[in-house]
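As written, the chain order gives the labels A, B, C, D, E, F and G, with residue 1 at the start of each chain.
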Amino acid sequence: MQPPQMMGYDRAITVFSPQGRLYQVEYAREAVKKGTISLGIVYSDGVLLAADKNVSEKLMVPGSIEKIYRVDKHIGAATSGLVADGRRIVDKARVMAQSHRITYEESMAVDSLTKEICDYQQLHTQVAGVRPFGTSMLIGGVDGDARLFETDPSGSYWEYMAAAIGENSDKVRDYFTKHYKQDMSRDQAIELALKGMRSADSSRFNEQNIELAYVEKGGKFDILSQDDCRTYMSKLSISKKKKE
Amino acid sequence: MQPPQMMGYDRAITVFSPQGRLYQVEYAREAVKKGTISLGIVYSDGVLLAADKNVSEKLMVPGSIEKIYRVDKHIGAATSGLVADGRRIVDKARVMAQSHRITYEESMAVDSLTKEICDYQQLHTQVAGVRPFGTSMLIGGVDGDARLFETDPSGSYWEYMAAAIGENSDKVRDYFTKHYKQDMSRDQAIELALKGMRSADSSRFNEQNIELAYVEKGGKFDILSQDDCRTYMSKLSISKKKKE
Amino acid sequence: MQPPQMMGYDRAITVFSPQGRLYQVEYAREAVKKGTISLGIVYSDGVLLAADKNVSEKLMVPGSIEKIYRVDKHIGAATSGLVADGRRIVDKARVMAQSHRITYEESMAVDSLTKEICDYQQLHTQVAGVRPFGTSMLIGGVDGDARLFETDPSGSYWEYMAAAIGENSDKVRDYFTKHYKQDMSRDQAIELALKGMRSADSSRFNEQNIELAYVEKGGKFDILSQDDCRTYMSKLSISKKKKE
Amino acid sequence: MQPPQMMGYDRAITVFSPQGRLYQVEYAREAVKKGTISLGIVYSDGVLLAADKNVSEKLMVPGSIEKIYRVDKHIGAATSGLVADGRRIVDKARVMAQSHRITYEESMAVDSLTKEICDYQQLHTQVAGVRPFGTSMLIGGVDGDARLFETDPSGSYWEYMAAAIGENSDKVRDYFTKHYKQDMSRDQAIELALKGMRSADSSRFNEQNIELAYVEKGGKFDILSQDDCRTYMSKLSISKKKKE
Amino acid sequence: MQPPQMMGYDRAITVFSPQGRLYQVEYAREAVKKGTISLGIVYSDGVLLAADKNVSEKLMVPGSIEKIYRVDKHIGAATSGLVADGRRIVDKARVMAQSHRITYEESMAVDSLTKEICDYQQLHTQVAGVRPFGTSMLIGGVDGDARLFETDPSGSYWEYMAAAIGENSDKVRDYFTKHYKQDMSRDQAIELALKGMRSADSSRFNEQNIELAYVEKGGKFDILSQDDCRTYMSKLSISKKKKE
Amino acid sequence: MQPPQMMGYDRAITVFSPQGRLYQVEYAREAVKKGTISLGIVYSDGVLLAADKNVSEKLMVPGSIEKIYRVDKHIGAATSGLVADGRRIVDKARVMAQSHRITYEESMAVDSLTKEICDYQQLHTQVAGVRPFGTSMLIGGVDGDARLFETDPSGSYWEYMAAAIGENSDKVRDYFTKHYKQDMSRDQAIELALKGMRSADSSRFNEQNIELAYVEKGGKFDILSQDDCRTYMSKLSISKKKKE
Amino acid sequence: MQPPQMMGYDRAITVFSPQGRLYQVEYAREAVKKGTISLGIVYSDGVLLAADKNVSEKLMVPGSIEKIYRVDKHIGAATSGLVADGRRIVDKARVMAQSHRITYEESMAVDSLTKEICDYQQLHTQVAGVRPFGTSMLIGGVDGDARLFETDPSGSYWEYMAAAIGENSDKVRDYFTKHYKQDMSRDQAIELALKGMRSADSSRFNEQNIELAYVEKGGKFDILSQDDCRTYMSKLSISKKKKE
């Protein structure tokens, strides 16, 4: 908490604090940290995205909760933070990708799309009358290479081999730093994803909450069914009880 | 109540609190909680919507109070919260559904309509000069499957098999969690609805306050007359006195 | 009065209080309560509207004070609250009714007009740069049935068999709850109106202050002359002295 | 003076106080009360308007001070309050009257003009970015009947047989209530006007400060010359010394 | 100085104080009072304008300082207050006079121009986003008669036979009240002007600071050269030392 | 520093203080005073402009720092204050001069350009949403006569024979008042400029910091090279050590 | 930290402090100082740009982090400060350079581009509704000569032979002031850059973090690969351990 004499610097987006900080952007990041976890992993043939869907109630229809979105044939995205903000950013990304396809008759490069989305988010940190988006995204896609980007409410982005956003994502990142290997197979990537996710919060970890998707070279884009998830989880001998 | 040094974060929509919260959206949810209860239940052939119409005065004309709206041939909605806000959102939904029908010559999918409405609500949380809508909706419809969505002032939405919004809706949700069954008949659904509603506040429970409607596969959409309600209530042996 | 730490929630329309309340709308209702009384009664053949014109000064020209307005051939309205706000809302209603007539070549239904006016009022509670209207209306009309609606600064509305708005309207409502009967004749309705009004504040009650109008099936719309009012009052043996 | 916890309700037009009051409108009325007096009287053949021109300095050119304006052939107006605000409202009225004449090929009814002016003033109490007009008007005219209206910064208006606005206008109103008679001649009306004005503040009362004008049936509109005023004052034996 | 509880009423133009005052307009008048003196005198054949140019530094070019402006062939103006505000108002006046000439093929009446300028200034006291002009003007012109008007930041104006604005203008006004005579010659007017100006502040009084101009019937408009001023001052035996 | 009860008058441009002052304009003048010195001198054949370029670092490229700008063939300008503000004003001036040339097929008079620039600056003191320019200019040019103007953030301007703006400019002005002579040659003007500048702050005085330019009758406009400056300084026996 | 009575001057861009300072611009400079270091060096044949890419995590893809941008064939730029702000400014610069090329059929001069970018940044310090850019740039290019400019959030710019921006840039500047030599070869420039960067923070110094690029006469523009960087670093015998 900042001392009283600091009050006010954090209540309008268009204002710097004396330390050159934009408090509203930092607070938007807090919204991201409150979101359930999403992660991405680059493997030999593509990118894997995984997310905790947070199915907290028995009567909720799990299949209806989307945390991983298909942006274009070759690009997927997972979000953390304010759900409705994330959905709007994803819609924006879809339109950008379609526009590109129609204008240039080719699919959009993953980094171009990431940059364009981030420019849109940056505007929301500099112009009065709007607030920053309370969402971060993992954008994974294949355009020749498999690429994975993380975006930030400030409009910054970084490319990673494996990354995680949302609550307890630092634990997952630590797990990835220790166990990530180049040129994994898809199955190895899924195993890493599931183990990473379990490392964040094993108490919540179960197959109903997990959403898995991958984009691979050659145009393969799959969001796995709950059955497939379960299969993977059993195949990989990953269960709630067993601690690594 | 937040401490004094927190003051100000909750007085403008476009501002995050240091914890990454949007207070105005949370306060709008309080408006929803103050509204009388609405609920929805998916059963074998369709979706049932029910609402407490809050006919509090003897000279009020009960039939004139709408809490359940017909959005399109195949979609209904029940609202809780600020009545006028809810009415405007429903009008918006009607226009969206009609536009879709005219543009694509087919009826709009229930989830598409829900998403479009929620995007409209999200905008009211990010742009200056407007406040969020103080209303939540249960959107029930049939497009092949029977589907039931709950919306939130933030622009989030979730799909449920049975859900309730408004005052004491947590009691109804508990009741549903315990007693909801797959593949109920319409009569069973109505019984569950009436019993659920009675569980929230039995003192207010009477046939004049209840509004019931259902949407079923094959295009059947009915808002029940007061007589029909009374019939159901007596047929099901549900009365104010008898506690379950 | 709210405590100091509550300050600020009630100074901008687009802001919810932590309890989900819109203070500006509630304060606008206070303006309505300060207005002189208006009332409406549905009887067998139509709707009666009555109002206290508040002719407080000897040199004022009573006939020039309008509290009951003809909105269309078949719809009248009585307002309470800020006089100038009421006048503007009534003008808006007249334009809506005329537009409908021209566009669809039929007269507008009473509930449609009520809804459209209320949507206009709701907008004034959600958008920055304007304040809510400090006025409520009783809209009485005949479109097949005789109907009577009450509107609210929030944009809500309710249908009644008999209703009253403005200062001391709760006393009149109590009187109506006790004495209202279905299928009264016009004379019975006028008697009920005059007695109801006297119950609110017998000290102010005299024929110069009363304005009476009725809309009946078959297109009869009359705003009674002061003479007619006096006739009715004597015929019904209602005088200032005699208490019921 | 309102207590500290009330502060802020009166600093923005678009905001109601917890009591449903619009402070800015009430303060604008204070500006009216600070203006020098204007009055109007309906007599048998027309309407008389009179005003105190406040010629306070010897080198001022009295004839250049206008407090009574010719709005149209058949309508005059006298203002109290902020002089420049009054002048702008009068200009607006002139344009309205001319527009009506051109559009409908007939002169505008006095009450129609009054209503239209008041609607314009009401808007200045509800919309952000402007302040209310700090002026009231007496609008006197002849359209078949002789009519006299008083307008208010809120956009309300009332019809009177005789009225006064501005500083000490309550004394003049009292005088009128006692001495006003139906069907006076023009000379009787002028006598009443002058005596009424003298009753407000006899110390300031002299012929140089008085402006008199009348509108009569048959299209007579005269703003009296200073000589005529002096003649009337001597003819009527009204002098500064003699108290009634 | 207003007490603390008054704070805020004077920080936004569009806001009345509880006493019905517009503080920003009053403060703009303070800016006028801080300006060097300007004065005007009506004489037999025309109007004389005079101003203190405030040539305070030796290397300043006196001829470059304008305080008296030619608005049109027959109208001049002298300003006091914020110099740049005055210049903009004068430019506006020139455009108004030219527009009139082009539209109606005749020169604009002095009072019409004054009124139009004042309407423009009034707008700056009622609309948000601008501040009032910190300038007053003396507008002198000949249109048949010789006329002299004083304008005010509120948009009010008055006609005078002789007037002064700016610092110490009350002393000059007193001098004028004592010594002004009808039907003076131009030389007498200049003598009165110079003596009046000397009465305000004899220490500053010298020929380099004085600017003189006159407008006369028959289209004569002259801004006197410094030599002419010196000639007049010696001819009239007015010197710095000699006190009247 | 103003006392607490004065707070707020200086935080918005469009607001007068109770003393009729515009604090924001006064603070902008402080920005001017913080800028390095610029000066101008009128001599027999033209106008000389000189400026301290403030080359504070060894690796800075001195030639790249502009403090004297060519506005048009016959007009130059030197600024003090916020560098970027000055540059924008100069660009504006260039466009104005070019527009004039194209529209009227003649070069713009120096005073016309000055006035137009100052009107632009005045607008930035009266309209909300912008701040005043934190810059003053010396505009020197030849249009028949050699003329030198100083502008101010308020939009005021004055003509001088010799003037200085920026830090310590009062010392230079004193020096000029003592030593300025009519009809100097260019060399004499340069000597006066260099000695004047040295009088302000001899410690900083060296040839690398000085920029010199002159505009002369007959269309000569030269910004002197650093070599020329050095030549002048040695020719005139002006060195850092020697004090006058 | 400023004392309490100073509060408020630094919370809106369009406001000067009493000392003529624009706090928001100064705070934006703090954001620049927080950014990792960027530097530029002019050598015999061109300009070298270098930057610390801050690759802080093992799984980050270093090649994806851009701190040096190609603006046009002959112009590069390195930024420090808010990454997303810098990216937007660079995009703006690219469009400006392309527009110039298309309009004038020649490449844009380096100083023209710098000036145009800085005008854009200045606007963000004077107009309400936006904040200043939290970024500085080093713009290096070749247009006949090799030139290097540093920009500032205020919209100021300076030309240097060697410059550095960002965290600890003062240390690098000191190093450059001591060791910069005219007419270095490219290799010498790279050595100076690497040693300068190491002098700022030797603990972070390694080849993965360094990005190097040069623009040379004759159209050569290269952003060096990581291998090239490593080669240079070993060739130049610069290692983390060895301190100079």
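In this section, a residue touches a chain if its C-beta (ideal position, glycine included) is under 8 Å from a C-beta of that chain, and two chains touch if they have at least 3 such contacts.
What you see is a predicted model, and the numbers here were worked out from it, not measured in a lab.
Enquirer: Touching both subunit C and subunit G, which chains are there?
Expert: none
Enquirer: Please report the smallest number of touch steps linking subunit C to subunit F.
Expert: The fewest steps needed to get from subunit C to subunit F is 3.
Enquirer: Interface overlap for subunit B and subunit C, more than half of numbers shared or less than half: same or different?
Expert: Copies use mostly different positions to touch.
Enquirer: Report the inter-chain centroid distance for subunit C and subunit E in whole angstrom, where each centroid is the mean of the CA atoms.
Expert: So the centre of subunit C lies 56 Å away from the centre of subunit E.
Enquirer: Roughly how far is subunit B from subunit E, centre to centre by C-alpha average, rounded to an integer in Å?
Expert: Whole-Å distance between the two chain centres: 69.
Enquirer: Please list all residues of subunit F that touch 2 or more other chains.
Expert: 8, 12-13, 128-129
Enquirer: Please classify the inter-chain touch graph. Allowed labels: line, ring, star, complete, other.
Expert: ring
Enquirer: Ring order, please: subunit F first, subunit G next, then the rest.
Expert: If we begin at subunit F and move toward subunit G, the chains come in the order F, G, A, B, C, D, E.
Enquirer: Flag every residue of subunit E that touches subunit F in the complex, lowest number first.
Expert: It is residues 1, 4, 7-8, 10-13, 23-24, 27-34, 57-61, 63-65, 82-85, 87-88, 91, 124, 128-134 of subunit E that touch subunit F.
Enquirer: Quick one: in the complex, what on subunit D touches subunit C?
Expert: 5, 8-9, 12-22, 111, 115, 118-119, 121-122, 125-129, 149, 154-156, 158-163, 173, 176-177, 180
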